[in-house]
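Note that the chains take the letters A, B, C and D in the order they are written out, and that residue 1 is the start of every chain.
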Amino acid sequence: MSTITAALGSDRARRLRAALTGLLAAAAAVGAPFYFAPFQVFQLTMVLLYAVALAGLNLLVGFGGQISLGHGAFFAAGAYTAAVMLDRYDTGHLATLPVAAAGCFVLGLGFGVPALRLRGLYLALVTLSFAVFLPPLLKRLQSVTGGSMGLTVDKLEPPAWSGLAEDQWMYFAVLAVTAVVLLLARNLLRSRVGRALLAVRDNESAAEVMGVRLSLHKTLAFAWSAMFAGVAGCLYTWVIGFVSPDSFSFVLSITLLAGLVVGGLASLYGPLLGAAFVMYVPSVSQDVSEAAPGVVFGLLIIAVMFAAPTGLAGLPGRVRGALARRATRAATLDRTPGAPSAPGANPKSLAEPGPAAVLTPAEPAAVDADPVGAPPRTEKE
Amino acid sequence: MSEPTTDRTEATPGAEPDFLTVRGLHAGYGQARVLQGLDFRVARGEVCAILGPNGAGKTTTLRALCGMVRGRGSVTLNGTELLGRSPEQTARIGVAHVPEGRGTFNDLTVEENLRVGAHLRTGPRRRGRAERAAVAADLERIHDYFPRLRQRSRQAAGSLSGGEQQMLAIGRALMLRPSLLLLDEPSLGLAPLVTRELFEIIRAVNEEEGTTVVVVEQNAQLALGIAHRAHVLEAGRLVLSGPAAQIREDGQVAEVYLGVSVRSRKAG
Amino acid sequence: MRKTTALRAAAAATAALLTATACSSQRGQNDQSTAAGGACKGQQTTGITDKTIKLGGVYPLSGPASAYGTISKGVAAYFKYVNAQGGIDGRKVEFVVRDDGYQPPKAVEETRRLVEQEKVFAVFQTLGTPSTAAVWDYLGRQKVPQPFVATGASVWGTDDRHPWTIGWQPNYVAEARVYAKYLKDERPKAKVAVLYQNDDFGKDLLGGFKKAVAGSGVKVVAEESYEVTDPSVSAQMASLSRSKADVLLDVTTPKFGSQALAADAKDTEWNPLHILNNVASSAAVLQPVGFKNVQGVVSATYFKDPADPQWADDPEVKTYRDALHRYAPDADPANQFNAYGWAVASSLHKALDAMKCPTREGLRDAVRNLKDVKVGMLLPGVTMSTGPGDAFPLETMQLMRFKGERWQLFGKPVDTREEFGPLTK
Amino acid sequence: MNAVTDFLRQVVEGLGSGAVYASLALALVLIHRFTGIVNLAQGELAMLSTYVAWQLVASGMPFWLALPVTLVVSFAGGMLVERIVIRPVQGAPELTVVIVTVGLFIFVNAMAGLIWSFTVKDFPQPFPDGGIEMAGVRVDWSTLGIIGVVAVVMGLLYLLFQHTSVGLVMRAVACNPSSARLSGIRVGRVLMLGWGLAATVGALSGVLVAPVLFLEPNMMGGVLIYAFAAATLGGFDSPVGAVVGGLFVGVAETLTGAYVDVIGADLKVGVPLVIILAVLLVRPQGLFGRAAVERA
């Protein structure tokens, strides 16, 4: 009984601490634009908008298990939707957001259908092709997109009543959208859709047997994911005020994927870390080596993957795990009390049937795992 | 129900009682500790059955022996320590492990599968005519044990039936000319008739080749039928050890530890 | 579970913020300093003192366009050379280079870093049309001069809403006009096939060419584009060869220039007059193709190619080689991009010398009021001129033909202003 | 020139680019087959090998000596890359390994720029100038040479895999590494061997295409995308598929670029992709890929 109270107490304490930290983080996020220089506020704004795109990609790659090398294209589609609306129809910034989101959602649905038939690499290639194909297409549609010169549009201006500087206003606008999007992503994952997605990722046929409507969920995952990327693109147009086809080459798509993996797949806050990585590390690389920033940047990517194969988000867990293992080794004989399944009768035996933890649930999963040191495998379908 | 029930306990070829010695074996996956300290011995030429319910640690025991999972304690084969070695190293010492789920090379043909088994002898540095002849002879021998493999020699392993794949997996393991053969659930997913055929062959191999066999089985009755000795595992510990016949005869013990399979035997 | 996630998110956000803080502890902006008195009263003096002048440039040091990154080395070498000579009007130049990887959002970030954190006097060169277009609004609003951008798009000179930004090199339309005039004079009935890069550079040049030959007997009969991401232009060359045109106008960047020249040389059935645009006209582009394969190729230029033996004894080129050797030992003096950097930096030197006030406004006005300014690295006869209604410093080029192992200039320098009138939108 | 000759000429042109794609696709397929990952840095490693060859030739070594030296160096280099860069993330999620190759891509590209600058280098053409006339169409020796070498490499790989014990072991590892280990195969060494082989094939690819594309650090960047497409079309597991896929992509792209005005040279990159999508929707495993074999 006392343990339960203690547990409850510690649970409450933990919740309290978490709520406090959350409040602190919110306060920090809100206070940041007043503390930092405008240039740094701009950098933070960029981190947030990349995080939106990465969160979208995470839905697909991290939770859906499908690889997309073409999210830069959805990003571009969102950015161009906003830019064209501002340039030709003078709609005002706010109106561009739902249109870009809806447009990319539909585009994602369109891609989601063929994506059903494709797996792994094949899907990666088809999406990559889309990313490669989009810039020349944008150039071709010169009358609308401004061709290779791109479009310069107005940035988001603060209204007079706010009393904020341009950077601060943009930061808050992007922060608001990011917060909504990240919450949406979180709820999406906790909803039936999300659980279905996870089930599909972990075991497709089993999920199907369970009655998950596979095709629907996979297609929807693509659509949501594209929508997030489109929203990020729209924010990009608000913040940068300039779009051109060559801003959205396939390099962007690969950068996004790299950012996601570096940040941490299937983690809710991995996208934030990944976005910070793609935003800050290139400049850091230049500070290290002016002659060849790429050398440093490439090495840093590899180094992070060595240190944290599951991404930066997984790093604390890995460290904790390593520490725990060390602790376990130190106290091998310490046993968890478990329900003894052996009968009271102690038949003639050479070994002693002592009480032991019931490890049954742990084993099947572990047995499925590849043995130590086995190379990673792709699905060979 | 006719079964291969000669009592082999007395027939234990116990020239070297300490061929395989397991002492204080602990093993697990990550933070999950599965084996909590095992001690047992297997004599040369003996068939040893490891029995127990699901999750007792049977598979883990075999994996620790062959190096697929890391273990602590001591496992010696003919005086050589096995722990701390990788699977490829234990294979080179003479341990052949037929994993659960068979682990055949499905894209390769049946004959290629068997040749991979002989790879250690046909490696880059040993390509003499004598070796090639020896491999051919071994192939012939395996084909004699498993005539069905001969017929399917050019077929892809992936196209075989479950029983044939299991035979192929054992055949490939034998191509290593192992001194210790580890079999993990050979009956899994096979029809009863096929299973019986398979166990007959395992017994034949043991008798003719003198290969020491450690077999893990859910189907206790079958395993006890060919084993000399048996160990019963529960929750990572040995709860019962003894000559196979004795364990088979002890109905109560069997029922408690081995569950359904024994009851079904009684029912049958 | 839920709370721990929130906790982690909070921790991540805090970490990100801390990173940002760690990246720079400088705060407070917009504290522009202004000149104290005299005619220059109230003008911005950020980044300039009596002893120093701080300039910043944004170049692609990484990424797909890193070939152009070396321009910054030419520029930096010039400033170091000048500093060793006592500086510009007694002011030592500090030149800060940032890398944008040829990505516009990065260009915005790095330009803002230069302006807000480094507090540079002027952003001397952004490279590439997309990167320049991404920041010129910002620099205009901040009233920071953006002189002599490293792109030849005509828009820098025709636009009238960005007084703080100005180009330098002859714009692509002007270059197209030089070729158009040459063809109209020499081959009035020429049928022209065009290979061009599918971006602002290729389209600007092609568009300018078409406009310049409009109404004459010179006709464009075939055009093929390529993307910078394409591996090669051989398919495009095969298509163009079907047109059987008399002239091939080759609007490419160096690697594709080499490929097109090689494809032309290989094609024995089609032997057009090959006009190679200036960007790809370096001897370094022609040499890999083999000099025997590029005889008779025509191009136009405005500065001295350091790889060309005819300038071997030119005093400015000698100075350039020595300076590069001393101040940028890892840069190849024969690379025309280094020479370009040297030329544009020395042009800025002249503009800074011409400032009436040592202020940002002074520089803005100075670059728009140049009168036949001579620069050592420019060809004889090519001078910088700007004025009201003319925001193109260089609009003169001279034709050259490849003979033996080097380019030979021929004809007089063509002043496209005189020939075609001022360029407008 | 009549329409037929003209068409043939475009086909030959397409085969020429196709052979370039095919050569790199072979290397991609090799690594994928043995390790199950896509090496995005494959093109850059090939470029690096080509620079090695260039450096050797530039320092006075005859081409036909520099070539085998380069291949040996590349083989060793490929093994080293596996050991140093890939092995530490073995067992990590597949995407982690892919991103490591992205890092390697950026690193190698920047390194080459640092060492050899971005100035275009000329690379000796191993094949004679000129070509032969066939049905009024001139086919360059270099095109024939690339196709020939690619065909020979493909044949050698086939022999290696199907008729040698090393090939058998490599296929066993590709098929089921854990069982291979239990058969006493040193899987780590076999994986190194796979990377070494792929790097060698890649080096050959680089050396073959360098005279046509001209050597600079970004030489293989564009090729990689097409090679990726070729490998996908071919099924990602089959060397034959990679070569057929490469040639197909090259021809399809050239023909549509030349004959379909709406598409033109700028959008021709979309053509092979549409075809690939169509093929994949009918055969998700690609033209030559194996259908899924249910693992028991």
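The rule we apply is simple: a contact is a pair of C-beta atoms (placed from the backbone, for glycine too) under 8 Å apart; a residue touches a chain by one contact, two chains touch by 3 or more.
What you see is a predicted model, and the numbers here were worked out from it, not measured in a lab.
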Fewest hops from chain B to chain C - one hop per pair of touching chains: 2
Furthest chain, CA centroid comparison against chain B: C
Pair joined by more contacting C-beta pairs (C-D or A-C): A-C
Approximate Å spacing (C-alpha centroids) for the pair chain C, chain D: 36
Distance from chain C to chain A - Cα centre to Cα centre, in angstrom: 39
Centroid distance [mean C-alpha coordinates] between chain D and chain B, Å: 44
Set of chain D residues in contact with two or more other chains: 106, 110, 113, 178, 181, 187, 225, 266, 269, 290, 293
Per-residue overlap in chain C, given as positions that touch at least 2 other chains: 62, 64, 66, 198, 227, 229
Set of chain B residues in contact with two or more other chains: 68, 86-87
Chain A residues touching chain C - in the complex, by the definition given at the top: 14-15, 17-19, 21-22, 24-26, 28-29, 32, 35-40, 42-44, 46-47, 132, 135-136, 139, 147-150, 152, 182, 186, 236, 240-242, 244, 246-247, 249-252, 268-269, 272-273, 276, 280, 282-286, 290-294, 297, 313, 316
Sites on chain D touched by chain C in the complex: 1, 6, 9-10, 13-14, 16-17, 20, 106, 110, 113, 117-123, 129, 138, 140, 212-214, 216-223, 225-226, 253-254, 257-258, 264-266, 268-269
Contacting residues of chain C [partner chain A, same complex]: 3-17, 19-21, 23-24, 26-30, 61-64, 66, 97-99, 101-106, 108-110, 112-113, 115-117, 129-130, 133-134, 137, 153, 155, 198-200, 203, 227-229, 330
In the complex with chain B, residue positions of chain D that touch it: 165-166, 168-169, 171-172, 174-176, 178-187, 290, 293-296
Chain D residues within the chain A interface of the complex: 32, 35-38, 40, 85, 88-100, 102-111, 113-114, 177-178, 181, 187-188, 191, 225, 228-229, 232, 236-237, 266-267, 269-270, 273, 276-277, 280-281, 284-286, 290-293
